[in-house]
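Next come two complexes built around chain A: one with chain B, the other with chain C.
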Partner chain A sequence: MILAKICVLGEVSVGKTSLIRRFVDRSFSDAYLTTVGVKISRKLVRLEPDPSGIAADTDLQLVIWDLEGGHNSIDLSSTYLKGARGAIVVGDLTRSSTLDQLQEHIDRFRYVNPQGRVVIALNKSDLQTGAAGAIVDRWNDVAGVAKTICTSAKTGKGVDELFTALGMSILQDTGNAAEH
Partner chain B sequence: MAASSELEQLRDLLLAPEVNSLHSLQQDLATLQRLIRDPEQFSRLLEPVLSNMIRRADPAVSLAILKAVTPFLDRAVRERMEQDQAAMTNALAPASTGAIAIHFAENPETAAQDVAPLISAAFKEQIRAERDAVIDALYPVIGSTISKYLSETLNTLVQRMNTRIESHLSVRSIFRKIRARFTGVSEAELLLRDSLWCRVDAAFLIHKNSGLVIAQSQNPDVPPLDSDLLSGMLTAIRSLFNESMASGDKPRELDQIAYGDSKIVLEVAGFFYVAAVVRGLPTDSFRTKLRETVGAIVQLPGDAITHFTGDQSQVPRALGPLLQALVQGTYDSADRTRRRTPYGVLWAGALLLLAICIPLGIHLYRNSLDRESEVRTRAALLAADSVGFKEVAVEIDRDRVQLSGPVSNEYQRASASRLAGMLSPEAEITNHITTRSGPYLPILLGKQVEALGATLNTVEGVLVQTHYHDGGLVVAGLAPDSATVEGINRTFADLPGVRSFRSTVSAHEFEMVERLLFAFNSTEIRPVDRAVLERVIRVARQAPWAGVHIIGHSDLTGEDNANRRIALGRATSVRALLLQSGIPSSRLSIEGNPGPPPDVIPSGQDSLGRCVRFRLRSPKPDFSE
Partner chain C sequence: MPQSTETALHRQAVVYIMLDSSLCITEMSEEAPLWADDPRSVQVGNDIRLGFPELVGAEADLQAVLEGNRPSLIISGISRIPHDAAPFFVTVTVTLYRGASRSMDTLVLMVEDVSKWMDEIQRRTQMSNDAIALANAMTASKVFIENIFDAIADMLIVTSANGIINAVNRATLTLTEYTSTELIDQPITLILPGEQLREGFTISWQSAPTEFRCVSKSGESIPVSFTRAPLDTEGHVLRGVVYLGRDLREQKQAAARISKLETENLSLHEVLRTNQDTTDIVWSSPVMNTLMENLSKVAATDTTVLITGETGTGKELVARAIHNLSSRSKTMLVTVNCAALPEGLVESELFGHEKGSFTGALQKRTGRFELADGGTIFLDEIGELPMATQAKLLRVLQGEEFERVGGTHPVRINTRVIAATNRDLAAQVREGRFREDLLFRLNVFPLHVPPLRERPEEIPLLVEHFLRLFSRRTNKHVTSVDPKAMRKLMQYSWPGNVRELANVIERAMIVCDGQTLTESKLALVDVSRQTEAAGTSFDEMARQHLLRTLEECGGVIEGPRGAAAILGLKPATLRSRLRKLGIERVGGGFRYTS
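Right after this comes the complex of A and B.
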């Protein structure tokens, strides 16, 4: 079993905690509670063999650091980011301002962990009416972003895929590091 | 013309009242204009009107006044302030107190921000000014807080002690009593120590940056802890503490988090820290063990801990046993002291005993050797002279021999030193022996010496010459054997009043003090030396059994052969004179030595070198020079 610390970043109220609750507890609540400081959860993911890097079934224990949204605690959260192998950067499809801040969160994470893996979650896809394909394509082209996925913590759409994609990316990184 | 005057008359008739009223109006206007132009008059006019208006509180008027006055209010207040500050303060005081109260009530947050910086300063000032008053004021709050905390702590302690007393009333309490008696530590303190204990429920080795668990060990007897969440939260709390609270000059570390009766004790190294979940009070032995564990982990080879990738299978296997040992360890302070004390006391006792016994043994052994030597030395002294050394005491301390007590004379005193030196050749001899000098008449002693010498000279084979002066006695002569020599020496040395004594009495030969001196290159006896020669002849006659050996000498000038000849010539001419005086030739022998006698410093034409000296020799056939 391999342990990996990942962080979940994004603007206030984009649904970071909801995504984690959906992934870890398989539940969702409409009631909104601001995360103060940091909340830690964990989940064991079994990753299946993949032609791109993973040779055999691997158990990955994700230790998920749910960080307080926004930029209120930038100084502290950069400490919280230390030692993370990957990050899920979350934006709210219904609020374009949160999407504008995605790059800033990626940079913040990369500054602390230059080798860290990043996946982008475009959340609240259940509330979004238009096509999100263009936005997804745009973020997939950004350097250092492993994958961009439309998610809905409410319906569960794309959530497992999101965490699995980050886990895979981290394991590929581990495999590469081992080869070198 | 008439017509115009009629017209005027008619106008006057028709308009007279109007003209009059016009005049009066003109006068009224002038009066009014005067009134307006004079401010004092005008304000007097307006006063009743204004006061009436204000009294009626007409809103429109009030507003107008307010608008008119407002711009000048601050200036008015300031100016009035400058004029009479005290009056203004008095005027405002009642209002301001109420105003502040209302402000605080309505805007608690801004009010708190305004006041906060002042509070600590005010507090400090108040403490400086009236310390006791502040203490009194705070006492009800702080006092009760402390007493509450103390009582809770004591309650826990008392409960634990009760448990201990109940469960260990038997053998252990007896041991404690004994320990208390022997160690001097009160039984209560020992009981307190027994009551301090701690148990480690779990130990986690946590990567400092990521907060991931590198290795862990948990006590199987307690419910398992969720290590991933715990280590993550601990790491977050550590970060929070380090970033927010510990900023300052001195780096501080969060080293303990307490909850309930448990504590999480943190020991931080460079890239990791160990968190131990401890129940009870962490004892010194536990902290030592924790530090030792961290030290051991730091020294593990490889960098799997430093660069922990999350793969727990990559970390050193030794980590497991290290953490397990930490969890399984016993940290009951009482156990530690109980095990340690007897050995410590025993060792200390043994060492003390050795430290005392070894020097004591060596001292006693040395002492016994010294006493033995003392007895031996004293026995030797008594054997040499049982009477003379009767009162001599011997004290020996390792390599120092001290002699003390009274003897009759210097000779005995010196003999004692010599004897002691022979018995202890390595030793340093200190001679505190005193000579008894009884009452005597020096002139009598001189006579006594002479008489004694004369008496001794009547003895067959004995010839002595004595020279006494002021307590010092020199004796020279011949004796038939060494025992007689010793006897003669003793006889003179034992004379009361003799302070120094030197003897050249021998069993072989002795040199007479008399010498004959010669002129340069001459073998003739000088007339002045006749008396000296007479003395020699007299002594030779006194000892008809002794041989007389005549030794001639020369000075150093001239050839060796010539000197030898003249030296021999001098001896020969002296021999002739002795023969003439009736001393048989069989007793006489001669010798010629170029150069002066050994006791004369050789220096060219030294008259002392040109001499003849005499030796009386024992007639023994084995004599050889």
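Right after this comes the complex of A and C.
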């Protein structure tokens, strides 16, 4: 079994905690619960063999860090980001300002973990009326973003796919490293 | 002797766990599993990461601690939510426990319950939640907007393709103070003078929220955020435009409030860190008696206090005591270490800044002074304040208003100022590095904390105090000190004062096996080196120490093996200290110039 630390990053109230709870506990709550300090959750994911055959039937234990939103001191967050193999960077489709901040969160994560894998969640897709295709395309083109997925912590749409995509990306990384 | 505060929580004490180099548990306190995320997996022989998942990913840092390249690893404020008990928070500290030989070095993991502090942060954060919840609810309501036209609190305006108003909802009328007949058939520019009408919009046109000034009938200019969407397009021809607008006045106030709460939150983190080592003041000597008497007298007033004394004498404890004894004790004591702030940011940290006032000022920030409004601000290491900031501080001390960096509105606050320094400010004034008028203002009520070597009679009492304190932390029951060891403690010159004494005792207790501390367990700095150092100035000692450390690190400042990490400083702090001490990079190394 492989243990991998991952962080969930994004502006306050974009749905970081909700995505983790949907994935880990299979539940959702409308109440807004601020995360004070750090909550660490764990979940075992079993990855199906992928076409490239790298991640065949592997057990991956994700150790998921839920950090506070907003800009706290860099010092604080880099302790928390350190050693993470990947990050889920979350934006809220209904608030474009949170999408504008995605790059900053990616940069901050990359600064601490240059090799870290990144996937983007465009969350609250259940509230979004227009098409998000253009936004997804835009982010998929950004260097170093393994995948961009529209998610809804409320309905569960895209959530498993999101964590699995990050898990796969981390395993491919491990696979590549092992080959060297 | 004053008792330090102690609550009856069963999780109060610190537990420890010893690890071998492969991070497996070799020994631990009985209660250790209670602090874990998964208590069942905390057993001798098991990988520590099973019970303490926060250590996954920290392997490189742990290795650095084990190799002595890093003093410790601290992960603070981790929440635990047990199935059968109330949630709590822990801080995990990993340090090196030196064995008899290198190969016997082990890692010690100490886990401390910090719920008390985190609860306070939670309580404060909760207040900002209501504002956030409201904002979320409003976002969601956009989906149903067409159906609740008039009931909605947002402004809704429909215009024709050429910008003539066709319909408005009630919120629009309330905000603009016009009647519907006054608005219908008028151009949109009547209320939104900034709107630029465009022709030939295509179906794909849709705009992100834009901030407009909406002008009311009485001429008031109100900030409103508008989203515009095309209406009823047929064959790519625009029929009209729907404007959805939100009054930003309240949101702006809420944002300011949240920003204040965030800063508070940040300060609490700092409190959390510094308070881990805080204990009550313990004293018995006549000099300290006088000091404490003066302290309680001045506490009751709002007078500015300047605390002087060498490092480690407990100036922060004195400041805290003043605050706690004052009428402001129910409010915040905001502590600012002026030496730890990056030089370019001191002013904005203290006084706040407006969004966009300089590169990197992405958001408006509430300064520490505003944060301490109604309370007390403690400016530690005041001697390190840049001249420009000194001028602004002087104005505040004189009761004048100040402006945020890049701001235009004056801010007035009511904050009590306590400052501290280990420098000779009068000498700094002579050297032109400190403003004389500011010194006068600060020096209204000076309190001098004498160095420990001037009151050796207090050492036995302090030792007893720390023995008790650390018994709980280290789970050891050391109750006495061997007379020979005590004599050595009393003869030592304590350049690091009470803090050094506390460290020496704590270290001695970790390595002590019995109930009595013996001389051999005391790790006091070699006395011959002491005398050699005597006569050199503090700056010179610091300079030599920094140069030696830099050399050991091959001139590297940042990173886990860098000098900053070894010295336990932030890289920016180290750089500014080097500048102040006249140490410059020359070629690959560092040298003292001038």
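Everything that follows uses one rule, which is that the second predicted complex is superposed on the first by the 176 of 180 C-alpha atoms of A that agree within 3 Å, B and C clash if a C-alpha of one lies under 4 Å from a C-alpha of the other, contacts with A are read in each partner's own complex, and residues count from 1 in each chain.
In this text, contacts are C-beta pairs under 8 Å (C-beta built on N, C-alpha and C of every residue); 3 or more make two chains touch, one makes a residue touch a chain.
Worth saying up front: this structure is predicted, and the values here are computed from it rather than measured.
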item	value
Side-by-side fit of chain B and chain C on chain A, or clash	clash
Touched partner set for A:S27, first chain B, second chain C, both or neither	neither
Chain B versus chain C as contact partner of A:V63, first or second or both or neither	both
First (chain B), second (chain C), both or neither touched by A:L3	both
Chain B versus chain C as contact partner of A:R85, first or second or both or neither	both
Superposed model, chain A: greater residue contact from chain B or chain C	C
Touched partner set for A:N140, first chain B, second chain C, both or neither	neither
Touched partner set for A:Q103, first chain B, second chain C, both or neither	neither
Which superposed partner A:I40 touches (first chain B, second chain C, both, neither)	both
Clash-bearing segment of chain C relative to chain B, given 81-89, 99-107 or 189-197	99-107
Those residues of chain A which chain B touches in one complex and chain C touches in the other	3-5, 37-38, 40, 42, 63, 75-76, 79-80, 82-85
Parts of chain A lying in touch with chain C, wherever the complex brings them together	3-5, 12-13, 31-32, 34-40, 42, 63, 68, 70-73, 75-76, 79-80, 82-85, 94-96, 127, 129-130
Interface residues, chain A side, partner chain B - complex	1-5, 37-38, 40-42, 61, 63, 65, 75-76, 79-80, 82-85, 174, 177
Residues of chain B touching chain A in the complex	207-213, 226, 228-229, 232-233, 236, 239-240, 242-244, 309-312
List of chain C residues in touch with chain A within their complex	37, 49, 53-54, 56-61, 74-79, 81, 89, 118, 121-122, 125-126, 128-129, 132-133, 135-136, 139-140, 142-143, 206, 208-209, 262, 265-266, 269, 362-363, 570
